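Order of writing sets the labels: A, B and C. Residues in every chain begin at 1.
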Amino acid sequence: MREYIELTKPRITWLILMSTGVGYFFGLDRTASLNWPLLIHTIVGTGLIASGTAALNQWWERESDKLMRRTAGRPLPMGLMTARRALWFGIALAVLGAAELWIWVNPLSSILGLFTLAAYLFVYTPMKSRTHLSTVVGALPGAVPPLMGYAASSGILTREAWSLFFILFIWQFPHFLAIAWMYRDDYARAGIRMLPVVEPDGQSTSRQIILYASTLIPISLFPFLFGMSGKIYLVGALILGFWFLYTGVRVAFDRTNVRARAVLLASVIYLPAIYGLMVLDRPSF
Amino acid sequence: MFAAAFCLLLTACGSSPQPQTASPSLPEAHVDPATAGSISGRVLFTGTPPAMPTIDMSSNPDCQRSHKTPVKAETVVVNKNGTLRYAFVWIKDGLSAAHWTPPAETAKLTQNGCIYEPHVSGMMAGQTLEILNDDPVNHNVHAQSTVNPPWNIAEPPRAEHSFRKFPSPEVLIPMSCSVHPWMHAYIGVSPHPFFAVTGEDGSFTLRGVPPGTYTIEVVQEKLGKKEGKVTLSPSGTASIDFTYGG
Amino acid sequence: MAASHSGAENTYHAGLFRWSVLLACCTLLLVVAGGLVTSRDAGLSVPDWPLSYGKLMPKMEGGILYEHGHRMIATMVGMFTIVSLVWIFRADRRRWLRILAVIALLAVIAQGVLGGLTVLLLLPWYISSSHATLAQLFFSTTVAMALFTSRRWLAGPTVVPEDGANPLRGLSLAAPICVICQLFLGAAARHKAIGSIYHICAAPIVTGVILWLSMRILLHYAQNRELRIGSVLLLSITLVQVFLGVGAFMTRVAYVDAVQPMPLMVTFTVLHVATGALTLAASVILAILVRRNLGARVNALSMAA
């Protein structure tokens, strides 16, 4: 049972569902109630299709996962289940999730989910071993969850939804670049061409971290500019954004694993923190 | 930690405000009925009357049951004719220094249906306030006075009446109940008998006032204070209106 | 605090540990009850003390439910503290723990006295705020007692050398001190002695100190499991606390014209008070663990690059 859960990458799924929830919240009409049944269908459906994507990804990469210390403990490299079983499990989850969204939420959210699955599995994953630009491509499906949540509660995608998309899109770069820096030897072993593998001195990596972290600051202000959240969010987003940038600056000057881990930690705190502030600081009750 | 607690105990016991007693050397007030006049007027409200929230009495079903329709808060009550109800009007300044004897009859504050009646009232310094509990529930009456010493008393259901006095003038004293936090009343304690509370027509009349020039003050619990000057000629009438904006 | 002598005198007593946990949980409940009293303006709903309307048990209606309920839970906590004291004296040999248990009992008695004074003296802000602050300190004490009677603690410290470039002792003390100051500012604002602006402006500072401490532990001392878990816990609780604070502030602003305490505002505010207690407890526990687990300072220690 445990290995099945492991196959679905639960920690990432939790992050995805949090982002979906935030999108859902903002898609609601301000005066409307939460509509619990719809929210539950959205969360469950998104959770299923995200878990299915993760499982299928692990099935696809089961051979290269054996080469990386970070992933060698996963169920398939460990031989805890057959590849065939994992494949069918992943397909089942994905189909169930897409169906749940289509039937009980709306076609748009289901299509977005399927797009995410397709882009992640058929575009991003094959690109990983070929070019470091895979990170850019991978960040696109990675940022779709808030769109799914927004589409679920409102049925359309507005500039508010896209502002959430962009925040999550830009956020992924410092997050994954920091991980890639810390595990660059591991990635090299598996033949995955992340930027720190391709340019091992880390200069371009840390430059990009700074670039994306600074871009994140103005992007994170859009919810305030669009009237989604108020001044408390504005102040909080600025403080958190500059702190995140600060960790990026520190790793640029001192390209050690410890500094990279600081960036990673900051990213893990940053996202739930701004989500929380965004949701709480709604101008009208 | 305990030294701190004991120090607090000592300071707290020592620091209750001392009431100002009327100086015994003041002459007794005397009004000549031949020259006394009256001051009257209205308290108006312009603009849209604010919507008053409905009181939620669900924390105490006994209170809820005593009202056929839900009760609205009485923070700002605008009458149909555009005047303000529950405004306290009194002569703030202008009377010669004297001591006015309070009447023997009591001013009353009743707890009925978990609402104070009257919502705003006036009484004289040194007059006795009689508190009645007509409800089948426990109340407490907390006088949040700052000039007079504050007090808080228990009012069990259908209890014997309680009696308190405010020795010093104080306008307005908020009265509240902590068992039912929506209960609010205000009492204006005046040193003299020239005060009134506007009713459903928003008007007030101060009778038996000696001739002179006076500062009249009106106080509304939320909208604040306003002042105006009038001059009263012997046996005459003077009139002054106050307007609060929306 | 002396590092524990190995095992012989200090055996683990499951019953004592569970009782200490129960006491801590009941104390948290009491903190919630106290928060409810203030948020529902029920502080003066029972004008007499220690009896209530002359009886041991009045009709629990309106504000009396909160005020008398708070008194009942307080009495229970007081009695549980006495039981804790007796049990510790009988079962545990550590002198410092016995002293701590005595201090806890004295604190809960002082809390009772302060509680009575708040009612009898009509809620002067300094007594109400002291009552609130001592409550939080007492809660932290009960959590610490639970920690000290736990199996993990009795098994001994897991020492990690202090990295001279990233010292921890001062910072780990700064965190609970900042939290206590922030608690006092919050209590003073709640009892209308000062505006809430001070509490709000101090919030980023307190959060910053906690963030700094947690990041330092997670980056440089993450191999020590107790410090790692302690800092993650403190950080998570602090984040939740910030959110609850925002919620409490916003509901207060939204309901500024309300004529009675509104449920949403009460919920956010009381949760904020309770989580504040948890924040203080977490920062205190972390400071204790830092003091216990940190070995001699090693200067210019290069952690694995």
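Methods note: contacts are C-beta pairs under 8 Å (C-beta built on N, C-alpha and C of every residue); 3 or more make two chains touch, one makes a residue touch a chain.
A quick note: this is a predicted structure, and the numbers were derived from the prediction, not measured.
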- Message: Taking touch as defined above, what minimum step count separates subunit A and subunit C?
- Response: 1
- Message: Going by the contact definition above, tell me which chain pair has the most C-beta pairs touching.
- Response: B-C
- Message: If I average the C-alpha coordinates per chain and also across every protein chain shown, which chain's average lies closest to the global one?
- Response: C
- Taking each chain's centre as the mean of its CA atoms, the one lying farthest from the centre of subunit A is chain B
- So what's the Cα centroid distance for subunit A and subunit C, whole Å? 36
- Message: Could you work out how far the Cα centre of subunit A sits from that of subunit B, in whole Å?
- Response: 62
- Message: Using mean CA coordinates as chain centres, what's the gap between subunit B and subunit C in Å?
- Response: 43
- Sites on subunit B touched by subunit C in the complex: 1-2, 4-5, 8-9, 12, 50, 53, 55-56, 59-60, 62-63, 73, 75, 137-138, 140, 142, 150-154, 156, 176-182, 184
- Considering the complex alone, what residue numbers of subunit C touch subunit A? 204, 211, 215, 218-220, 235, 239, 242-243, 246-247, 249-250, 254, 303-305
- Note on the structure: In the complex, subunit C touches subunit B at residues 40-48, 53-54, 58-59, 61-65, 67, 106-107, 110, 113-114, 117, 121-122, 124, 126-127, 130, 134, 257-261
- Can you list the subunit A residues touching subunit C in their complex? 232, 239, 243, 256-258, 261-262, 265-266, 269, 272-273, 276-277, 280-281, 285
